[in-house]
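You will see two complexes here that share chain A, one where it goes with chain B and one where it goes with chain C.
Let's look at the complex of A and B:
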């Protein structure tokens, strides 16, 4: 039992990451849009767990608030507004574009393995990129993490932050203006 | 102990699933969700890089990306709703007004 708990503690990130990948696959391949949205919610929560295991507590909680609290609800609202049962994708979910999708993903896999083959297959260079906890001092407690992030956000990245707030305002107005049009 | 290899691998798998979803599915809603998934894969790399370098720059940038993703979803879903109202479909194959 303790061994299992220790194993989970050591591989926290990988467990949550694989859960996120599984939920993403379920999202792409489920026929019903509501099931897709729920799998998307599960993937977002798993990614929040990944952030927590990377000692980014503030980003992890913001992920839960923004995605699980905001974006998933938006998606569910649109699924409710749009009567999806009327548009079953003809012939299942596989289509003309599928061979090209397979080719594109396989090509991306090949490029990834080519670029990172040294890191993945060479045991000698394995600890070259291992995360160093002693470098992340000051990020290890939640309050300190929030402090550090806010210092970065409001001091160093103040201009991007303000631009983001303007963009959010523009997106709000645009969303209302686009969705409000009368039926032509 | 989280290794950078693991982070890169998970993030790549998420990105690959997102690309496959955008290319395979014809439902505009699912395509938007796949785009969100790809943004999250990039965010994971940002956070891992912040952890690796011991600075908060990556985490701050991940928060900014999250905000942009929210803006994108708001506009995208408004487009889907407008599309459904005008053309009674959410399939991207049926939207071919610009097709020559």
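Let's look at the complex of A and C:
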């Protein structure tokens, strides 16, 4: 019992990661769209658990706020907006999609391996993932990682941060364009 | 990490209670199903159709607005914790960020997309 608890305590990342993968598989294979969204919610919460087990508390809480909060709500709205019964009657639509989905997954795997091949085969290239010392200077990163994120965001990655607000603006304008079209 | 032990315990207890109730109900409750019992409402107005009908696209705008300002609030937090260190430079940066998003908000407002007709 004692050993089992110690094992669980050491491997939170592994446990949450397996939960996320399981939920993602359930999301893909569930018949009902609403069940898919709920599995997605569970996967996102598990990934937040992964972040927390890596002591990235700010990212973990942001994950819960944005993904488990905002994105899941958006997906549920999309499920409500689409007439799903029509897809059920059509039936055949997924048979057309299946080969393309397999191609897309294989392509995504190839890109993933290409980008991270260094990390998999060469442990020395992990440096890119280690927190830069100037960001951590004078901070206890384990408990102050929002401050470390802030230093990176408002100094080194200033332009991407400002471009982000433009992208969010585009999303707002596009939503208005879609919603207004109906009335005209 | 130790601080999260309480949350984990809470999650475990919260997961155990419904499982325990369901298991108890499964063994204790008598089961005599019939078609009338299986209907959604045993009394009152009969339901006119399915709940899964198409909703108006206007709900999508509300969802996207919620998402955009949700993301915005997440980015305000790292600004707030480093407010003193970032000084005037940070205020200008977050000012541009907020200006662009408020611009979007006023755009929606002026377009009349917030009016529920």
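Just so we're on the same page, the second predicted complex is superposed on the first by the 126 of 184 C-alpha atoms of A that agree within 3 Å, B and C clash if a C-alpha of one lies under 4 Å from a C-alpha of the other, contacts with A are read in each partner's own complex, and residues count from 1 in each chain.
Rule of thumb we're sticking to: a contact is a pair of C-beta atoms (placed from the backbone, for glycine too) under 8 Å apart; a residue touches a chain by one contact, two chains touch by 3 or more.
Quick caveat, the model's predicted, so the values are computed rather than measured.
Q: In the overlay, answer first, second, both or neither for which of chain B and chain C A:162 touches.
A: It touches chain C, and chain B stays clear.
Q: Figure out whether A:25 sits in contact with chain B (first) or chain C (second), or with both, or with neither.
A: first
Q: According to the stated criteria, A:58 is in contact with first (chain B), second (chain C), both, or neither; which is it?
A: both
Q: Figure out whether A:116 sits in contact with chain B (first) or chain C (second), or with both, or with neither.
A: First partner only, chain B.
Q: Between chain B (first) and chain C (second), which does A:81 come into contact with in this model arrangement: first, second, both, or neither?
A: both
Q: With both complexes overlaid on chain A, does A:15 touch chain B (first), chain C (second), both or neither?
A: neither
Q: Can you tell me whether chain B or chain C touches more residues on chain A?
A: B
Q: After the superposition on A, what does A:173 contact: first (chain B), second (chain C), both or neither?
A: Second partner only.
Q: Answer with first, second, both or neither: which of chain B and chain C does A:73 touch in the superposed model?
A: second
Q: Output the chain A positions appearing in both contact lists, the one against chain B and the one against chain C.
A: 12, 53, 55, 58, 62, 66, 70-71, 74, 78, 81-82, 84, 149, 151, 153, 161, 164, 168, 171-172, 174-176, 178-179, 183
Q: What residues of chain B sit close enough to touch chain A in their complex?
A: 1-10, 12-21, 23-27, 29-30, 32-34, 36-37, 40, 43-44, 47-48, 50-57, 59-64, 66-75, 77-82, 84-86, 89-91, 93
Q: In their complex, what parts of chain A are in touch with chain B?
A: The touching residues are 10, 12-14, 17-18, 20-21, 24-25, 27-28, 33, 36-37, 40, 43-44, 47, 50-51, 53-56, 58-59, 62-63, 66-67, 70-71, 74-75, 78-79, 81-82, 84, 87, 89, 93-95, 97-98, 100-102, 104-105, 108-109, 112, 116, 119-120, 126-127, 129-133, 135-137, 139, 145, 148-149, 151-153, 156-157, 160-161, 164, 167-168, 170-172, 174-176, 178-179, 181, 183-184.
Q: Write out the stretch or stretches of chain A touching chain C in their complex.
A: 12, 52-53, 55, 58, 62, 65-66, 69-71, 73-74, 77-78, 80-85, 144, 146-147, 149-151, 153-154, 158, 161-162, 164-166, 168-169, 171-176, 178-180, 182-183
Q: Given the complex with chain A, which residues does chain C contribute to the contact?
A: Its residues touching chain A are 1, 4, 50, 52-68, 70-75, 77-79, 81-82, 85-86, 89-90, 93, 96-97, 100-101, 103-105, 107-108, 111, 113, 117.
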